[in-house]
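Chain naming follows the written order as A, B, C and D, and within any one chain the residues start at number 1.
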Amino acid sequence: MDFRLGERSDAFRVKAKQFLSGHLTDEVREQMRSTGVHHNWDFHRARAAHGLLAPGWPEEFGGEGRDALEVLASAEEFQSAGAPTYGVGTTLMVANVIRHLGTEDQKRLILPQALSGDIIIVLGFTEPEAGSDVAAAQTRAVRDGDEWVINGQKMFTTNAQEADYVFLLTRTNPEVAKHKGLTTFLVPLRQAGVEIQPVITVSGERTNLTFYSDVRVDDSLRIGEIDGGWHVMTVGLTFERSIPQGGDSVRLIHAMEQWALASVDDVGRPRSEDPDVLARLGRAAAECEVTILLARRCAWLHHSGILPGVEGSMAKLFASESLTRQSADFVDMLGPDGIRSEGDATAIAEGIAEYSYRYALGTTTYGGTSEIQRNIIAQRGLGLPRPS
Amino acid sequence: MDLNPSDEQQQLIDTFSAFYAKECPVDRVRAAEPSGHDAELWARLLELGALQMAVDEAAGGWGASLLDLALVAEQHGRSLGPAPLIEAQVAARVLARVGGDVAAEALGRVLTEDRIVTIALHPPKNANLALVPGGAVADDVIYFDGGRLMCMAISDRGHLISNTGSMPVADIDIDSSSIMLVSGHQAETLFELARDEWMVLMANALVGIGARSLEIGVDYVKERHAFGVPIGSFQSVAHGLANAATSIDGSMLIAREAAWAAGEDTARATQLACLSCGFSAEAARDACYRSLHFHGGYGFMLEFDIQLYFRRAIAWPAVFGEPPKMFARGAADRLATARAYG
Amino acid sequence: MDFRLGERSDAFRVKAKQFLSGHLTDEVREQMRSTGVHHNWDFHRARAAHGLLAPGWPEEFGGEGRDALEVLASAEEFQSAGAPTYGVGTTLMVANVIRHLGTEDQKRLILPQALSGDIIIVLGFTEPEAGSDVAAAQTRAVRDGDEWVINGQKMFTTNAQEADYVFLLTRTNPEVAKHKGLTTFLVPLRQAGVEIQPVITVSGERTNLTFYSDVRVDDSLRIGEIDGGWHVMTVGLTFERSIPQGGDSVRLIHAMEQWALASVDDVGRPRSEDPDVLARLGRAAAECEVTILLARRCAWLHHSGILPGVEGSMAKLFASESLTRQSADFVDMLGPDGIRSEGDATAIAEGIAEYSYRYALGTTTYGGTSEIQRNIIAQRGLGLPRPS
Amino acid sequence: MDLNPSDEQQQLIDTFSAFYAKECPVDRVRAAEPSGHDAELWARLLELGALQMAVDEAAGGWGASLLDLALVAEQHGRSLGPAPLIEAQVAARVLARVGGDVAAEALGRVLTEDRIVTIALHPPKNANLALVPGGAVADDVIYFDGGRLMCMAISDRGHLISNTGSMPVADIDIDSSSIMLVSGHQAETLFELARDEWMVLMANALVGIGARSLEIGVDYVKERHAFGVPIGSFQSVAHGLANAATSIDGSMLIAREAAWAAGEDTARATQLACLSCGFSAEAARDACYRSLHFHGGYGFMLEFDIQLYFRRAIAWPAVFGEPPKMFARGAADRLATARAYG
């Protein structure tokens, strides 16, 4: 047993740290905060230029062929630093699907641009009436010669306003069982008929509704078989899209520890000597360590040639539920000061706990709700029977 | 024992329920962000006598009981009223209790000149009153400096602190315009009583927040379908809401009991004020969180109402402190008075 | 609105207190503790003799016609004092069923003895393979002339070793839907063919398995219609069998408060000034108050002529879950001393927290599990749809 | 990174797994109540070298790492081993580290004469060592009196304290037979190291308790039917167990990391010892509670095994203190050493 990520990972982590200290400027942070957009083109392209966008990809595609632990080490740093990474995550997930299921033409068209940081791809799965039950998607695609005509609506198309393509789940056959009539397309977003409507969330992050009215896409941008969209989705989801590596917790706890070291309570005692403060910090630190370890286990399995399944659900479930608990607890710990908002000049540690509390609300839903993860763990992990 | 409101109490509830339905639909709440103060609503509340009722008849008010005010506070919470009603009521009652010329004059201005008075829930530190509820829109603030109960005209209108609950809170510097209302033991007693009253009213406001958030959540999970069935039929959803419903019912009982006890069982009044506020704060937060979470992605869209409730359930009571602080205060009172239960 | 139970209730509470101070002796307590039997015949008969066994019953049956709030006030006292009351609860529930559904002969035979404290009746619903799903009972009753022959097995027949009758749910028709083939009998326990096997639980309480081998019961002891047992059960369950009134919490918190007042921490500070201790005590006190209020609401509804339904489920759910939380929290609060067992001479407050932790485990199951209560609240209270 | 045990580690696991399966079936655990000590099991453990392995080769042992001992502790926990293995191992390691004649002699008696040595986890109060783990069956106890590390032969065999977990714990009076092992800074350092080691081994024992209790619960809810279906198909059951499974997996990772860090990442060793013990204690308790509850009425029958697990999950770690105490100790170490994460 060895809990080190290894020398190569450590070295690559240092490279990521160096990149971040140079490129994750106050301006980049402030732009994220003020716009709610967790994507920054300059940062994104610079990341690609430094070999930090897709380091795990083979060299033939522009990657560096780094192993899963190296990739994890750099991902941990990007998350801990609070860098804008949403665009990278969705783009690489779709790129992976194309690499495994796409045509040679598609690979030639998309992969170089995606991996060089020139384009980003966003996800169009969720619909107003189809969230956890993603296979219930109703957005229609109807064949018209070499093209398909798309009509429908997607929810939470985060970064659509920045993106070049949306990876769209559509219904091509409404006559068959819901899983059997789906097809996926790579739809160019910058075309007539696509409407992007911003949606602001409680954490200030921006996402979008996207509407598709007689939008046309060439059949050459169909990913996978006609009516084979569910298989494509299944493959896509195995590329651990966004297992949180604990970075949000790391940043939060660090800020709270600094507060404890620097402040005193009503009677002048350092917070760092208050047993209650210490117990809260310690519990959060324990959960943070577990979050990190559950994510590292996934990377290690991947590194060992095993696709993490239930382990990914555990990592995602624990990370998001734990972040929610911690954030709430820290807001409470700060007393009345806990409600001073992120961005208010009087907030403690720039209001990170307050922001985190609002931000955490999304983490237990995005990318598969906690309920869905628990179903997976119960049924696939523990072998419990499905509800009848 | 009678858990039903009396006819008069029911009339009060109906009056304020209708008032908030008309004057404070949720769009108005949203429009009042981020300041959390709707001057029009405040004016209508004054017209309705929401402040006057809080003050004893001898001091020029209508002499409502704390229980009456609690029933109003519940409606205020249900509608997330963007106005510093609770703080102003509590502060006005302090002025009425203090008596004497200075207080009477201040109270008179509040009742007749529409000056907004509020109260700082914690003594000043470094000559600053932190996070005074209503402080960003108030004209006068009452505070306790450890020995004296003071009243100060807020000359330099407090700087609005941006906060989770979109409340008009401010940090207020103390200046030389502060006037002493009363000192010594009486000052402390009045301040502690005011804090108890604030907690009672806040507890009832939180009952309103919690109850309404639960309704929103229940309605949503009945309508929303996934996998071919309403999501409310899943045990993971149904059991969460059942727990929340139980806590909300419990919070309503203890919050009303606390308000009742202020007039009818004074030996337990402090204890129940603290315990009910802590319990109701946690119950409301839990109900809001579950309702929000069961909304899926819609839950954290600003466009949906549930996030408005969630943020206020956290922030409104927090200006006093986290629930464990309330519980500790309640327990200390129990130990000090050696009062038993029920 | 008025939160007083009223003068008559207060007066009756005083009477209960007086009775308890005279009759709930150390011997009675010690016997409960050492045997795990929460029934004491002397105490039980004395309680009846003092008009405290069934005070809510009409005078024609030997009661005092007291209202629901008076009855509640005395019940609160018995529970807070930790008196042996299991026998009373089950006996009165069955007596109520007989009063409403029984024949005149049954009323004459059973009610005077039950209300005078001369007999107790226990419940025989649960079976090894039928717990929450009580209608799945398999214990067979087969008609043989004027008698029925019973074969089967029941779980958790608490106090069977003390009791005169078991109120037995049997299957009389295995050919129909499970709810439609049940019949209830009042089966004399002291007869051949009845075997009582003690079961000791983790709290030290004794319950029993009961086995029925060709046990005979006269048709005159059938309660309700043949195959009408589910209706009988439904009626029976409306007589709030055992909504906890918070007494267990009251006793526990009182002991912990005394501890806080009397002891000091490692640095000599009184526990009663420790914010952490105070916060725990206060939270428990708040939950205790809510438990009491939820129970009183049921009594008040009853007093107002309304049968509490969902309100009873809420009271039972909250009381038991809260007691579980409190007990665990207090065991933790006491530090290592928390694990000294009830009965050990070195235990704090006679080990009440430690005992309560073990005892509470049963309360979330007996009398309808928390899961069943949540189903009731969700479906009947909130109107949520049943699972499909 | 390699989360798989090495071949040697796997062999150790297999050896002890087979050993406990043979020497410590659950009937033996039950038979050993209430003392919580099975002398026969203890003798077999010694034969197997479970104590000898804990001691450095220089001091006459086999020099196993703390990680090796942790893997054994996990098996010990899985089987609820009724023997003071962890305490004896930690105490023996203290004696080996102290060196010198007195300690060497004491250690020699432990390794060759089968005297049982244990360690008090807290300094004495009023000349009494409270709730010493293994204290009811030990011959010698090591303790830290605030300045000195002492060893005392227990002449008046400690009085067994009846306890939730049926452990052989005792309150032990200090008498004049106490011999000083070492004093000053070294004494404190050795004592704190011993506490860290105890917490690491306890964390891993709790992983065993939690993992086994989860298996018991999962098996039960697959078999048990209600309303015509296995109860494991109800979300209220399935989701509770899914949460528990996640926490148990997490506790195994952090507990093993803590044991590994004792040898390989010493700067984080104290922190991880405390945090892993607190986390594993809560995870085990939660898994046991859920499994017990989902057994319905069977859960609290003494006849069913799950209650044996539940009681030990609470009691074993409690001789140190509640999880928040462990968390606070871990946090204090983090703040003191300003060590960052992962």
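Simple rule for what comes next: contacts are C-beta pairs under 8 Å (C-beta built on N, C-alpha and C of every residue); 3 or more make two chains touch, one makes a residue touch a chain.
Note that the structure is predicted; figures quoted are calculated from it, not measured.
Engineer: If I average the CA coordinates per chain, which chain comes out farthest from chain D?
Structural biologist: Comparing chain centres, B lies farthest from chain D.
Engineer: More contacting C-beta pairs: A-D or C-D?
Structural biologist: Spelling it out, more C-beta pairs touch across A-D than across the other pair.
Engineer: Roughly how far is chain A from chain B, going centre to centre by Cα mean, in whole Å?
Structural biologist: Roughly 38 Å, centre to centre.
Engineer: Taking each chain's centre as the mean position of its Cα atoms, how many Å separate chain A from chain C?
Structural biologist: So the centre of chain A lies 51 Å away from the centre of chain C.
Engineer: Can you list the chain C residues in contact with two or more other chains?
Structural biologist: Residues 275, 371, 374, 387 of chain C each touch two or more of the other chains.
Engineer: Please list all residues of chain D that touch 2 or more other chains.
Structural biologist: Residues 234-237, 239, 323-325.
Engineer: Would you mind writing out the residues of chain B in touch with chain D in their complex?
Structural biologist: 234-236, 239
Engineer: Could you please specify the touching residues of chain A with respect to chain C in the complex?
Structural biologist: Going through chain A, the ones touching chain C are 275-276, 387.
Engineer: Taking the complex as given, what residues does chain A use to touch chain B?
Structural biologist: 126, 129-133, 136, 155-156, 199-203, 331-333, 335-341, 343-344, 346, 354, 357-358, 361-362, 364-366, 369-371, 374
Engineer: Going by the contact rule set out above, which residues of chain D touch chain C in the complex?
Structural biologist: It is residues 122, 130-131, 161-165, 171, 225-227, 234, 236-237, 292-293, 296-297, 299-303, 307, 310-311, 314-315, 318-325 of chain D that touch chain C.
Engineer: Under the definition above, what is the set of chain D residues touching chain A in their complex?
Structural biologist: 1-6, 9, 67, 218, 221-222, 228-230, 232-235, 237-239, 241-243, 245-247, 249-251, 253-254, 256-257, 260-261, 264-265, 271-272, 274-276, 278-279, 323-332, 334-335, 340-342
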